[in-house]
Every structure is written in C-alpha cells, then in structure tokens.
Amino acid sequence: MQVPAAAEAVGRKGFGWAAVTIREWEQGQRIEGFVALRKLERKEHPGGERLILEFGDQSGRIDGVMWDGYEEIVDRLVVGDVVKVRGVVGSFRDKAQVRVELIRPAHSDEARPEDFLPRSPIDPAELAKEFDECIESLTNPHLREMMNRLFGSGDLREKYLAAAAGKLWHHNTVGGLVEHSLNVVRLCEFACEMYEDLDRDLLVCGALLHDLGKIEQYEMKAAIDYSTEGRLVGHINTGDFRVARAITEIEGFPAELAHALRHLIVSHQGELDKGSPVVPMMPEAFVLNYADELDSKMGALRRIAEKTGDADWSEYVNLIGRYIYFGHRKAGETARES
Amino acid sequence: MQVPAAAEAVGRKGFGWAAVTIREWEQGQRIEGFVALRKLERKEHPGGERLILEFGDQSGRIDGVMWDGYEEIVDRLVVGDVVKVRGVVGSFRDKAQVRVELIRPAHSDEARPEDFLPRSPIDPAELAKEFDECIESLTNPHLREMMNRLFGSGDLREKYLAAAAGKLWHHNTVGGLVEHSLNVVRLCEFACEMYEDLDRDLLVCGALLHDLGKIEQYEMKAAIDYSTEGRLVGHINTGDFRVARAITEIEGFPAELAHALRHLIVSHQGELDKGSPVVPMMPEAFVLNYADELDSKMGALRRIAEKTGDADWSEYVNLIGRYIYFGHRKAGETARES
Amino acid sequence: MQVPAAAEAVGRKGFGWAAVTIREWEQGQRIEGFVALRKLERKEHPGGERLILEFGDQSGRIDGVMWDGYEEIVDRLVVGDVVKVRGVVGSFRDKAQVRVELIRPAHSDEARPEDFLPRSPIDPAELAKEFDECIESLTNPHLREMMNRLFGSGDLREKYLAAAAGKLWHHNTVGGLVEHSLNVVRLCEFACEMYEDLDRDLLVCGALLHDLGKIEQYEMKAAIDYSTEGRLVGHINTGDFRVARAITEIEGFPAELAHALRHLIVSHQGELDKGSPVVPMMPEAFVLNYADELDSKMGALRRIAEKTGDADWSEYVNLIGRYIYFGHRKAGETARES
Amino acid sequence: MQVPAAAEAVGRKGFGWAAVTIREWEQGQRIEGFVALRKLERKEHPGGERLILEFGDQSGRIDGVMWDGYEEIVDRLVVGDVVKVRGVVGSFRDKAQVRVELIRPAHSDEARPEDFLPRSPIDPAELAKEFDECIESLTNPHLREMMNRLFGSGDLREKYLAAAAGKLWHHNTVGGLVEHSLNVVRLCEFACEMYEDLDRDLLVCGALLHDLGKIEQYEMKAAIDYSTEGRLVGHINTGDFRVARAITEIEGFPAELAHALRHLIVSHQGELDKGSPVVPMMPEAFVLNYADELDSKMGALRRIAEKTGDADWSEYVNLIGRYIYFGHRKAGETARES
Amino acid sequence: MQVPAAAEAVGRKGFGWAAVTIREWEQGQRIEGFVALRKLERKEHPGGERLILEFGDQSGRIDGVMWDGYEEIVDRLVVGDVVKVRGVVGSFRDKAQVRVELIRPAHSDEARPEDFLPRSPIDPAELAKEFDECIESLTNPHLREMMNRLFGSGDLREKYLAAAAGKLWHHNTVGGLVEHSLNVVRLCEFACEMYEDLDRDLLVCGALLHDLGKIEQYEMKAAIDYSTEGRLVGHINTGDFRVARAITEIEGFPAELAHALRHLIVSHQGELDKGSPVVPMMPEAFVLNYADELDSKMGALRRIAEKTGDADWSEYVNLIGRYIYFGHRKAGETARES
Amino acid sequence: MQVPAAAEAVGRKGFGWAAVTIREWEQGQRIEGFVALRKLERKEHPGGERLILEFGDQSGRIDGVMWDGYEEIVDRLVVGDVVKVRGVVGSFRDKAQVRVELIRPAHSDEARPEDFLPRSPIDPAELAKEFDECIESLTNPHLREMMNRLFGSGDLREKYLAAAAGKLWHHNTVGGLVEHSLNVVRLCEFACEMYEDLDRDLLVCGALLHDLGKIEQYEMKAAIDYSTEGRLVGHINTGDFRVARAITEIEGFPAELAHALRHLIVSHQGELDKGSPVVPMMPEAFVLNYADELDSKMGALRRIAEKTGDADWSEYVNLIGRYIYFGHRKAGETARES
C-alpha cells in the first residue's frame, strides 16, 4: 500500500511517531498509534458487553472491537476526536478488524485532528496554483477585484483550499472543495468554447464560488460532520453572504453583474426541492448547474467504483436508489486487447 | 364611494388637481386627471385597431378603450408609469369603462408614481408606531442592537414601512410588508403565551425580518412588479444578507443566536419546494412558518372575499386550485339575528 | 421523581398495591408490581434465547430482560395487556433495565389497563371544565344544540375526555384529545380577534370536533394502538359520521351551516395527500388547518425536547426527516442573564 | 337523427309541444321550443355587443347567437334553467348555430328542467331491474337488510336511479350513476370468479354504493353542476354517512363487516391524492378501485371517441394530459374484412 | 403437508433420490438431500462465528444454522446454487430451522437448479394448452402470423412457459409469466364483452406479450434474480424488441397495427414513473394496464394472505406502504353459516 | 435580411421560381410564391368571417389574413402542406402580415415540402463529415461494425442527417438531430478527458445514437409534427429497436457491451418521469444524460435569446416555468469595453 504524495506533504511526522497509515496495517501485525475515532457503540453479548469501534485516518478506515478494560476510559472517548490505540490487526467476516487492548484520547500536543482526514488525491500545491491562475485569468475588472478582495487577504483562501465539498457522497476530503470547484470551472470553460454568448468570467467566478459556503457547512475535526451553522443556514446562504458582502464593498460594481453572480450561486442546485431558493434563469446558471451535477456524480461514482472493486455491480446505493454497473469495463478492455 | 383615511393622508393634492380617485368616478361623468397605466394592448377589429387599457390608482382599477387618435403617442406610453387621460366614463358588459379621448405620459413634476399604488387599509403612522414599539419591547440586548443598527439610521426603516409584501396575492400594497409582519408578530406572541420555552425575542425579530428581502423583491413605480434582483436572487437571500451583515458588525453577537435568527428567515417558507433552502428545524421556525402562512392566506382571502361580493362561491382561484366559499356567512348572520 | 397530580387522581390504589410508578423505580431496587407489557421479543444468543421486554405505565417506560424460566408462561403474555413482574432494576448501556425473575398476566380484578397509559400533564378536571365552558360559550343556537346532543347524554363526553390524539407523535396520552382540541380552540379564537368576518362559533365547534374520530381511531388497552376501524375507515370519517348524524336529528339545522361544519372536519388535514378528502375552501377551514398543524407540531416538539435533554440537537426525527435544534435556548438564557 | 328510446320514455310531451329535440333540428329550419340554457355571455363587437349562447337538451347541444333585442330580458336568464327560444338554425364555422330572435325563461308549468338533461343510453327500466336483482342476489343477511333499509322505503332508490356519476368526464347523464355502478358490479363479479376468497356480497354492495354520495355531489337542474354540499363535504363522505347510518340502525350488524363495507366506499379512489382518506387495504378494496377506474375511463373514452368521429387522433384531453388514438380501429376492420 | 400436483410432474426424481420436499420435513427428523441455497451470512457470536443460512425448493423455504466445520467449504458455496445438506430439523423462535452438520455444492449431474424454484400452482400442461388456444383463437391474420412466428419455432415458447413474472412480489414462480398473462387475457376478454369497439385480437396479443421481456429480466438458477440485461435494458424494451423484430419480418403487416401492438407493450405500466416510456393512449392500452395491475395485485395479495395465516391483519407491506386486512373473511363465513 | 448559406445550398430554385424567402419579404411589397401553411383558422367578425393564416419556410414565419374569396378553396388547404399565395405584405400590431388575395395548394411538381422546413445553421456537408469521422474514430471493433451496419448501407444515414431533434423546443430543424448529437459527442469526449475509466467508444456511440428514434418520432412535411409511431411507441423504443436489431445481426458482439449500449439509449432521459424506462446505472449513462440535457437546454435558450432580442428578460417560458434573463450580457460587454 502506498501513501499518496499529497498525504505525505501534510503528514503527521511532526509529532514524532511513524507515519504508518491504516492502509499500511497488515494482518497479524501489532499496532500502536494515533487514529481518528469515527464510531463508538456499546453492544451487548450474553456474558456482557463490548465496544464496537471504527477508526480512520487520511488513508482509510478500519473496524475495531474491544472486549473489556474500557470502563474507566469510555466516557472520555469522543467520536470525531483523535485517540491513541494499541492492539492487534485481525479479521472478522473477511474484513480487517483491530482487537483493541488499550485506548485513550490523544492529548492536544500529540496529534492534530486535521491530519486524520482523508485528502484529495491531487497535490494541494497544484490545486492552489490552478485556483490562483483561474483568478488571474479574469478579464472583467469588477469580478477580478471581487475575487481579490475575497481571497487576497485574510484567511479565506486558506480555508477554501482546506475545505471539503461533501461529508460522505463526493469530494469528502481536505481539498475536496477546490478540487471539485476547479473541475466545474473546466467544464464551464469547455461550455464557453461550445456555446456562444456565454459570459466566461461570470461563469468561472460562479464555478469557483458556487460551493463557497461549504466552508461553514462542515465541522472538520478528525471527521467531517455538519456544523450547526451548516444545518441551520445552509451553504447556499453562507456562501452567498460572503460574496454579496464583498460586492457591496466595491465601488461601482454593476448591479446587473452582482445579481447575476449571486444568481449563479443561489440557483446552482438547479431545483427548489434540491435546496436552491430560485431556479436557474440565465444560460450561465444552467451550465453551472449541469457542470456541478456532473462533477459531483463523477466524484461519487469514483468512490463507489473503488468500493465495488472487481464486482460487476455495486451494492445498492441508497442515496440515488439504484445499483451501479461496472461490468462493461472488463468487456471494453477485452475488446481493446483483442 | 369613500376614500379611506390613509389614502387621503398621502394624497395627490400637492400637485394641484382634485384628488378624485377612480372609485369616485361616476357613470356618464367627464373625467380628466392622472392615473397609473396598468395595461396597454392593441386589439384588432375589422375596420382597424383600438387600444385596450387598464388604469389604476390607490383606490382601484378601471378599464379603458381608445378607438383612434393614439398613433403618435402610443409608443411613449409605458406600462407602470403615470399618464394623463381625458374621456367619459361609460360601461361595457356591466363594467365601468373609460372611453378615452386624449392620453399622454405625465411629466415628472405632475405626479409621483408612488401615489398611485394601492395602500394598506391601516394608517401608516399607526403601523410605524407599532413597529417601533415592537423593537422597543426586545429585552435581548444583542437582538435589540441588531434591530437598531438595521433600522436606526439610513433609509431602511422608511423603505420597510413603504414596501409591499406581495405583487398580487396578499398585502400587495404600500405598507403591506409592515402590516403583514406585525400580524405575524402578533400570532407569534400569542404562540409564546401558549407554548413554553419559545424564545419570544428571537421569534419577534424573525417575524419582523422574515420578509425583509421583499424590499428588493419588487419595483414599485405606479404598479408593483418583480425586480431583476427579486427574480434572480430572491427575497430570502436579499433579506438574509442584510441581517447577516448587520450581525457581523456587532461585536459579541452570539454565534448560536446568529444562526438561529438567520434560520428563521431562510426557513420561513416551510418547505424546500416553496423556496426555502432549508426546512424549519427549531420550534420557533415552525411557529413563524405557520404564522406567516396563516396571515398570508387571510390576506389573500380578504382580497378574494371583496372580489366575490355577495356571491356564495368565489371564482376559481388558480393559485390554490379551488373555489372559496363564503355562503355560510349569511347563514351565520341569520342565525345570530334570530 | 414525582408523580404528576393528574396521575394520582386516577391512580391504581384501588387495587390495593402501592402506586410506585416506573419513574420512581431506582437503580438496584427490587420491584414487584403491575405494569403494561409494551414489547415482547425472543432473541437468540449462542447458548439459547432470552426475552427482550418493554414495560410502561402512566409515568414512563423501561426495558426488561428475562434470561430463563419463561417458557411456560410466554404464550400467555400479550402485548398491550397488564402483567405482574418481579425483578431487580439494573442498567444496560446507560439505560435502566429490569432483570425479570417472574412474570405473569394480571387478572382482570387486579388492574385496569387504562391506568397504565400515559396521561396528559393537565388536570383532567380542568380540561373537562374548559371543554364544558367552550360549549357554553356558543351563541349560535344550532351549533349549541348540536354540541349538547352529542355530549349531553350518553357516554361520548366521557370517551372524548379520555381519548388520545395520537399514537406516538403528539398528545399520545389519556386526555390528549381534549388537551389538543382546546389548544386548537384557543388558537382559533385568537384568529377571530385578529381577522374580521370569521364565524367564531363555527370555528370553535370545528376545533373541538375536528379530531372527534380519534375516539374510534385507537384501541387503548395498556398501550395506544390503531383499531381496525381506525385503519379501515379513518378518523376523518368516523368523526364526520357522528357529527352528521347529530345534525340530521336536529330540526331546522341550516343546510349551509351543516355543510360548513362538516367541511371543517373533513378538510382539517389541509391537503389530499395528508388524508383529507377535500381541501380547505373556507377562511375558517384554513384557520383550523394551521391551528391544528401548529399545536400538533408543538406537541411533538415538546416530546422531542424532553427526549433530547441537554443536547443541542435532537436525534434524527424520521417522521419529518430532519434534526431539531434546541441549542439556542442556552444562548438565549445566557443573554437574558447577562 | 334518432331520439333514443330511453329519451322518449321520459319525453317532454306532457307539456303539449312537439318533442323535437336539438339533434333533430335541421339547417335552415325555423324552430320554436324549450331548451336548457347552458351558457350565456355578452361579447363585444365594434358596433356594440351580442349574446353568445349555448342550448342543450337530452339529445345534445347547439350554439346560439342573438344580435339585439335582448336587453330587457337578459337579466332574467339564468344558466341552468329552461328557456323558450325562437329563431332560425344556421351555421357558423361548420357548426350549427341558432340565430335567436326571441328568448325568455320558461314558466314552471311549461317545462321540467330534468327533462333537458342528457340521459344514459340504457333503458332506465332495465337499469332499475338490474339494480333490484343485484340486491336480491345478496345472500349475506346483514348486507341484504342494509340494502333494503337504504333503498326499500323513502326516496333514495328513486334518487339513485336518477343521479349522474359525473359532471363532464364520464357517465354525466341521468341514470349515469346506476349505469356505472352496475358495470362496476359486473367487473367485480367477474373478479370473484377469477380469484378465490373474495367476499362476493361485500364486493357487490361496495360496487353499488361506492358512488352513492354522488346523489348529493351534484345539482341537476337543466345541467349538471357541483352542489355546495358536493364541494364542501365531497361524495366520499356524503355516501359513507348514509351507509354508516343505515348500519347503526340494524341490530347485530357485525362490526368487522361494517368497517369493511365502509372501507370499500372511502378507499375506492385508490390513493390519498385522488381524494380517498384511506388507501385500499383489503383485496376487495383493490378490486373495487380497479373496476371503478376501468369503467370510468371506458365511459370517458366512449365520450371522447364520439367527439373524435373519424379522425385517427382525438383532440388533446386536458384532464389526462394526452391525445387518444382510434386509428387502429380502421386498420382492424380492414384486416377482418380481408 | 402435500406436494402440489404440478410440482410432482416436474419433480427431482430423475436424479435418484427421494423427492422429499422442504414442506415435508418434520420436526426432529434427520434429513439429507439437495436444496437451493438462498442466503448465506456469517454472523458473529462472542465465542466466534456461525453460518446463518436459508434453503429453498419448489415447496417452500427453511432457515438453517451451522455452528462449525464449514471453514473449508464456505468459499465454494454460492447463493443461488444447489447444495447438498445433512442435518436435523429443529426449531428456533417457533420457526423450523435445520441445524446443519454437512454442506457442499451439488455437482452438476446431481441436480438441476431449475427443479428447486417455486412453481405456479397451475399444471404447466394446462397453462401451455390454454396459451396455444389463445393464439389459435386469433382471427386477425397479421397478429396470428406474428404470434406463430414468435412462438412457432425456436425455443421462445419453451422459455415463455418457464419464465417467472416477478422476483418476489407476484407470480414469482416457474410458469408465473404464462399464468399471469393468461389471467390478464381473461380480464381483457371480459372487458371486450362489456365495452364495444375494443379490438379483441389486439388486446389478447397485448395481454400475452406485455411481459414478454420478463424472459430476459431474470436469471433463474435455483432462485430468481435480476439479470444484468434486465436491470440495464428493462423488460419493456427487451420484450418490445422481440415483437418489433417479428413484425418487421412479416410482409404486409399494417403499420398502424404494429404501432398499436407495440404501444400496448410499452405503455402497460400505465405511468411514466412506473417505468413505461409512454402513457396509455388507446382504449385497449387502458384496459391492459388495469388488467395487469389487478392480476399483479391479486397475485401479491394471495402471497400475503398465505403469509398472514389466521391473523386479521398482515404485517406491514413495505412495497405498498400499508397493512392488509383479512379479518372480514371470518365475519363473512360466520354470516353465511348462520 | 440575409439568407444563411446552408439554406441556399438546399434552396427551392430547382422549381424555377425566385428563391425569395419569407425573411426577405419587405413591407409594402407584392409577393407571389410557395410557402408552407402552418396554421389556418376561421375567425368571425360582425360582417362575417375571415381566414387567419400562418406561413413558413426555412427562413422564418409570417402571419396572413384573407378577408374573402376563399370559400371554394379553403377545404383543400391542409396545414403542413405547401401552398401558393399571392398578396401584399402589410403589418398588423407591429408585426408583418400578408394580406392574401389568392391561395391554393401547390402541385406536387411545383414544390417539395422539405424545402420549407427550417434548417440547422450548420452546413449539412460539415455535419455529415463530422458524423462520418466520429464513426471512423471508433477503435472498438464491435461498435464500429455496428455503426457501419446501421449507417453503411440503406438510407438510414440520409434520414439521420435530415432529421430534427425536436418539434419546437430545441434543434427543431432539418439537420437538428445530427447537430445536437455531435454536440453531445463533443461534451462526452471532454468528459472522457476529465474522468478516467470512461469507455470513450461506448460513450461516443451512445451520444450519436441516443436520439436515433427521433427519425420515426416526427413527420416532416412542410412543418415538423409528431408521427403516430412517435406518439404511440416513442423515440426511446424506436431507436433502441434499430440498435438492438443491428447488434443481433453481428456475430460475437459481447453481451455486456450490447446491454451497456442499449442502456445508454434507454436511460438517456435520466429519470423515469421524463420518459426513460430505466434510470442511468453506469458512469457513461450519467455523462450522456447531462450532456444531452446541457445541449438541449442551450439549443432552447439560443432560440429564446433570438426571440427576446434586446430585452433584458424573455417572455414567460411555459415549458420550464420561468423567465430567462439576458440583461447581464450588456453589462458584461460594457465592462469589457471599459
């Protein structure tokens, strides 16, 4: 198993213990180290009770079980935090499972929660560079000024580059937001080549900013979860607010352009019942909606494909109510080889 | 016919012509004066063409027809503007109709478009007073500061008091927004008496601010119509933006309170497919949603009742897909009298 | 733990055993007494099987487990009946749990099932008084005669006062129907103050009678469950039938008033797909629908708030597909205290 | 043109004028007689106004126009009443049209409104006989007693035999209710032959009674229209009430049978959003729902087929959002002939 | 317990072991034989793991458990295949359960998977005969030629007679397709008797062919499951393709007839969101849709009735979101007996 | 006014009359020539009746009126056919209108209906070339053989190149199908560059063939209308049939590839209620669905933009229930110029 380059760049080495990630753990191995606690459940058995656990880090997830000796510590274990575990990697029903012997919360100087989040497979430096170039490429002076005002000072650029675009479904990684947004930019730019009269700069800004509010949408400790603000206000409005405020601070920003840009953000989900308070009413808004849909779906399908492995059909995917078929890929390969 | 007191208070007398409103025009009378142009359509007849018109002012609407002599002026007539008309009040199919002899756009120093809009039946001074008292009554210092920051300086208070809450369906008048909002406040306060643990101040602010974005939603010239910003961004987001910005300017405003207040605004339509990007998730948000629904519907039904007159059943109401019954009122009166 | 006054008033003392309710049971205590059997499930464990149980009474619910010794009695245990249990109160996964040693069905002279149902927190005498006053307050002679005919003789008044308004979601208690209905009355009366031209007497009757059919909807033994009539005919029709029959027995009852009152009952769910065969078509019907919605939701949210305790967010509420937020209450309290 | 036998049986001859129905009027003919007034509209033309009319009787409909001379009478003409007209049959846009010279309301001793309604193509005596035989055929003594109690005395049998099953869509004729119900009986009886364990008597009663409430649903003067009771209460509940009341008057009527029969009535629309307050939950209820759907649709399609004439495709049918194809019938005939 | 005649006719005797089906297994009996493996799950218990199994054959299903000794064979056991088992029939929670001692996959010469599928209760010879007679009865020469071309040569007739019409919900048996289709034919023929102008031959062909694509829809080994083609293409299109191809091979087949027949097939689900790409637009298409709905539902309800046994109410039926009531059957029987 | 190059290439000159298209007709000009008859309606006026007409050709549409002299010919005029007209171009309500003096059906040797259809703005030769290159580019031998079999001989290629992709909404032109399909190919190819593991050849074939059935969907005389086959069978199934049949004729075509390709075709509408009998279940199917949606919408928006002209907002677009905004384009231009 290999650790992706991006992961190493932000690795946990600063804390002085070997960066052996979960994907590197092997059957039968004794392990000891820091991981994120993703689940914790007490489960009864006739003779008593045991802990059912799930651990994670940037490289993946693994189940755990602890049969006894946890009574004194269990109330201090918090899902979403980093814990230190000691145990042996075994297996249960064909899945790897750590039989935990010792567990305790990590001290704040032992580990940074954010180091345990999954990360975008793309090098963060590359994503940042591409993001900056996108802004550079704008020729509309108003839009360019707005983007510089948003990201040029303060910490928003840093937050943007670190944010996830989803909790579970797609681009649910550190860097997922910028990775997803740049993909959407790329699709929108291609649409500008194909269809005349699209406002390229407007569309590029809409693509970069459509999910801006995801920064507030999630709490990212050692796992991604919805924040209170994310649930109560929603990413459409937290993002729209940042953009609208930046615009009001710029003298001479044309009103039509302001309305149009905000429209792209607030309508990007495409339909009221998907959570957009208004539906797309501009050609650019339709393009952005389809580009967002396509890249989100492709992100989710990549994740499903990985989970499906060599099988022809995925397991049932509840969120979209269907199975996904990958069996033709083999047929395709065979055909190309012949 | 009587002109309501409120209308007189803001009347058109300053412009030096008799404040005879449309409701006062009588059959057979020669009239000359300023009215809002609400509709303009060319309609063919075998020998040629005529203009089909609709005029309005704060007191009501009347149809018009012009058979000839309009060719040179017609291109300068704009729906939504004020026009000066001369003609005779006749009738057509049991409806009053002005046979127009002369028509021209009003000069800007002859009439103010806003004087021709329908007005809330409640005295604007009374609405303003009640609105101010509502803010005075807040005991939560954060919310009170926020309200003062929003309405204490600048022109937002004035705009709020003049805005409409709807284009056609309910409270579609100058003053409609504050009239509707104060009704919602009243319903919410009653809910606070009935149900424990509701945050009264939060709810009152939510009630006053839920439709704040209607200020941008409409263009009010001589008739109410959607603005470009209203269509593209929507009143949920234009209102939420104002509130969110005011909050960020207040030091020490509690984050939970900010999220909760914004939640009331963005969830007040109650369901995604009614245009709220998030659904109600707090007891106060449910209360606000039902209070808003009830007062909107009552406003619309009052309008329908007026239009229905003495008939038992209204005409078919497209927006809600049904007829409305008023026939029991007579039965009720009879019973009480007996 | 305290037993609410209302519970005591109808307590189980007549049967000669101490009225120690489930909420009074304490950790480690040996208990013996009568409770309602709410669930019974056989659950396998490697060495065999055990009984998983849930008990309830008017004060609450508790889990139970029985590891052996039940084989001869288990077939005579019926969910919904009263049982006599003996055991020790322990805990399992932080929840109280009775380890049962002996269990048997109660004899009919030992306990009345209805004594084990949860009860409205409001004193039943107070509810009855308020209900009677409501009827007294009617000035429409037809409606008053109808109410007297329905409730003046026979056992309907008693049934009405004892009925629940829900199985699980809201007002699922003895007395829940009248408690809920009186709340709806109160909301409707407030609407009559706010909006002119509403027929107050009609609306009050509609509010009191809208859920009348809940009397048939449920079987209330020691737990509330749907009856066969409730499922097959539904409470809209069982209630409408009682009212329609009472009306036909009254000479001179105006037809419009009859249609209007029945309309309030049959349309009170507000939409076809919520189970009303017709939608609201009268101002009073809209008011009743919103009042019913509001009080039902507030009842459900009170229950959810209790279950949520001190947490900011409730667990996921399946029936309405969302989490509920209570975290602002603390913020509100803090603000008021400061 | 031929008058169907059934029409003649109930003809207008008793009033002393020749029973020449609208279908018998011929181009160029002078006519004078009684017809139902189905529509009345004033319509402007440059020189003034004219009346646009529609007349009907049991045999069909015809347009009318009246250019002048109606001013004194027009306010006394009521849609749905019988009028006496004199004029000449001409044509307009390939459709027959009466050019009216004189028109006045009919006196009550000149014509009975019900004689002008369209009538079921089946002989009413035959329908009555089949209906009675259906009741005779019941072997369940409870159901038989209930049917006899409903129809054996009083005027319900007469009303049932005269009622329509629809206003426009299907079986919108005098006798339409019993014609439709007997068709549904026939389909249900066939289902009883095909599927074991269906309760034939229960199903036959459900089929006969499912639309019983249509008696109150419509006002049948000279045209069928919704009644106030029909709109406010709905035919599900007016029908269920009659049946439920009859049942309560029968001693020893089994409760399960009562619930089951009422279930068939209240669930017969099949889905909540089609207006049934509960969905089918018994095999018999599913059968009844499909039988009702099939016969309603076949009734509507027969009407559409007549209107379509020889064309391959019907006009667009708004209620079901599609065109209907009849072009294969010719292909079928050709094939059979060859 | 009795083996139905149909099952015996196609029994497993050819393989030389006693045709003792699962329904004949008795409590306490040692059994050894071939069954279909329907489920296989590893389930943890504190001391380790056990296999949870389900076996089936044409007569029914039974649970199984295997506590140890399966490690070497478990990876070769495939759900849907035939296995040989040895064990003792016991019970667990009132349900029969085989405690398995030995299990292994069957060799291909030991058993045919198709012998283990449930079978239509109707004699296959009878179904085949009725199917052939249906085709014989066609008088439209084009349709007759098409049916003969489809089924006269090749293996389609055999496949059709063996196919299932469902996986779980209705007619999920060998022979289920033809059983269901012939029922639909019968309902359609009755409709032709009741309603004039229906094209009987077209409708009979539509009824026989509407589910033709179910042949590709399922993989039938020892259990019915969706095939890849069934999921990706769907039975509407696999069936339509066969019919359309047969038609193109017939010279002189009328185009309208071809369109009409294909229309019956592609529209038979009745609504787009049920999976038909076009909605019914011919009277025959409506008839077929209702006939299909009715027979499918009756098939499903028969299955539910069997599972419900003597209880009044079925368990909750997820697919249609309701409980089913059978309690009136007893009431009906009692009434008839009295 | 300019005639587009493509239009000239296929012009009507072969018939020996001047190729002056409708867009070239000028105010006050006497015209005589052949046009398609798009609408024909008799409309009453007080003195009688007139014909209201609409004419069209490849360049556009124009209204017409004929006041008299049409009685003898009117029954021979068929909407969708070519007619010869003589008259004068005038105007009515700011719209051009031909005052027709003479009209008659064109003889079949005078004009070809297809010459009067609107045409794709792209040169047909270019479209054909690009289409051929697309097929050339396939490296999967099976898919290439299938495409060659479909289009290599016979007239399908010619039909494909001439077909429209819509009646009114988008690409409703001769050549519209291939223009739209090639756009979808381009979008899909870009997706293949962005997302790994997509089967490019499969996707290209899916893009070219997804709307193949549009060939049968429409009747293209002088105007595009739905064919009987198009309505009854639908383009999903007429297209799928052609592809499925071609596949069965190819030996060794892999089954998985066949299912996958057909899946792309039948699922391309994306949802059941948009008319696809199965939903997308492969990554390629999602890509195709979004690409199709995007290009269709862009096609429709281009049409709406043309109709909107210089206005900021389009008229209300019924099909998608909203207005479309183009006002930002001017703002964008201004910004770029400054």
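A, B, C, D, E and F are the chain letters, set down in written order, and residue numbers restart from 1 in every chain.
We take it that a contact is a pair of C-beta atoms (placed from the backbone, for glycine too) under 8 Å apart; a residue touches a chain by one contact, two chains touch by 3 or more.
From a predicted model like this one, the values you see are computed outputs, not experimental measurements.
**Q** Return the chains common to the contact lists of subunit A and subunit D.
**A** The shared contacts of subunit A and subunit D, listed by label, come to B, C, E, F.
**Q** Trace the shortest sequence of touching chains from subunit C to subunit F and report its length in steps.
**A** Contact-graph shortest path, subunit C to subunit F, evaluates to 2.
**Q** Hey, which one of B-D, A-F or A-C is the same interface as D-E, over half the contact pairs lining up?
**A** Having compared contact pairs by residue number, the answer is A-F.
**Q** When subunit B touches subunit D, do the two copies use mostly the same residue numbers, with over half shared, or different ones?
**A** Subunit B vs subunit D: different; shared/all numbers falls short of half.
**Q** Taking each chain's centre as the mean of its CA atoms, which one is most distant from subunit D?
**A** A
**Q** Per the definition at the top, count C-beta pairs in contact and tell me whether C-D or A-F has more.
**A** Output for the comparison: A-F.
**Q** Distance-wise, how many Å sit between the C-alpha centres of subunit B and subunit F, to the nearest whole number?
**A** The computed centroid separation for subunit B versus subunit F comes out at 44 Å.
**Q** Express in whole angstrom the distance between the two chain centres, defined as the mean CA positions of subunit B and subunit C.
**A** 42
**Q** Please set out, as single numbers or ranges, the residues of subunit B touching at least two other chains.
**A** Within subunit B, the residues that touch at least two other chains are 45-46, 228, 231-232, 256, 259-260, 263, 281-282, 323, 325, 327.
**Q** Think of each chain as a node with edges to the chains it touches; is that a line, ring, star, complete or other?
**A** Drawn as a graph, the chains match no named shape, so other.
**Q** By the touch definition up top, name every chain pair that qualifies.
**A** Listed by label, chains in contact pair as A-B, A-C, A-E, A-F, B-C, B-D, B-F, C-D, C-E, D-E, D-F, E-F.
**Q** Can you name the residues of subunit B that touch subunit D in the complex?
**A** 45-47, 92-94, 312-313, 323, 325, 327
**Q** Which part of subunit B faces subunit C closely enough to touch in the complex?
**A** My answer: residues 139-142, 183, 186-187, 190-191, 194-195, 197, 199, 201-202, 254, 256-257, 259-260, 263, 279, 281-283, 286-287, 290, 293-294, 297-298, 301-302, 305, 321-332, 334-336, 338.
**Q** For the complex, give me every residue of subunit A touching subunit B.
**A** Listed in rising order, the residues of subunit A that touch subunit B are 228-229, 231-234, 236-237, 240-241, 244-245, 248, 255-256, 259-260, 262-263, 266, 272-278, 281-282.
**Q** With touch defined as at the start, can you tell me which subunit E residues reach subunit A in the complex?
**A** Its residues touching subunit A are 42, 44-46, 49, 228, 231-232.
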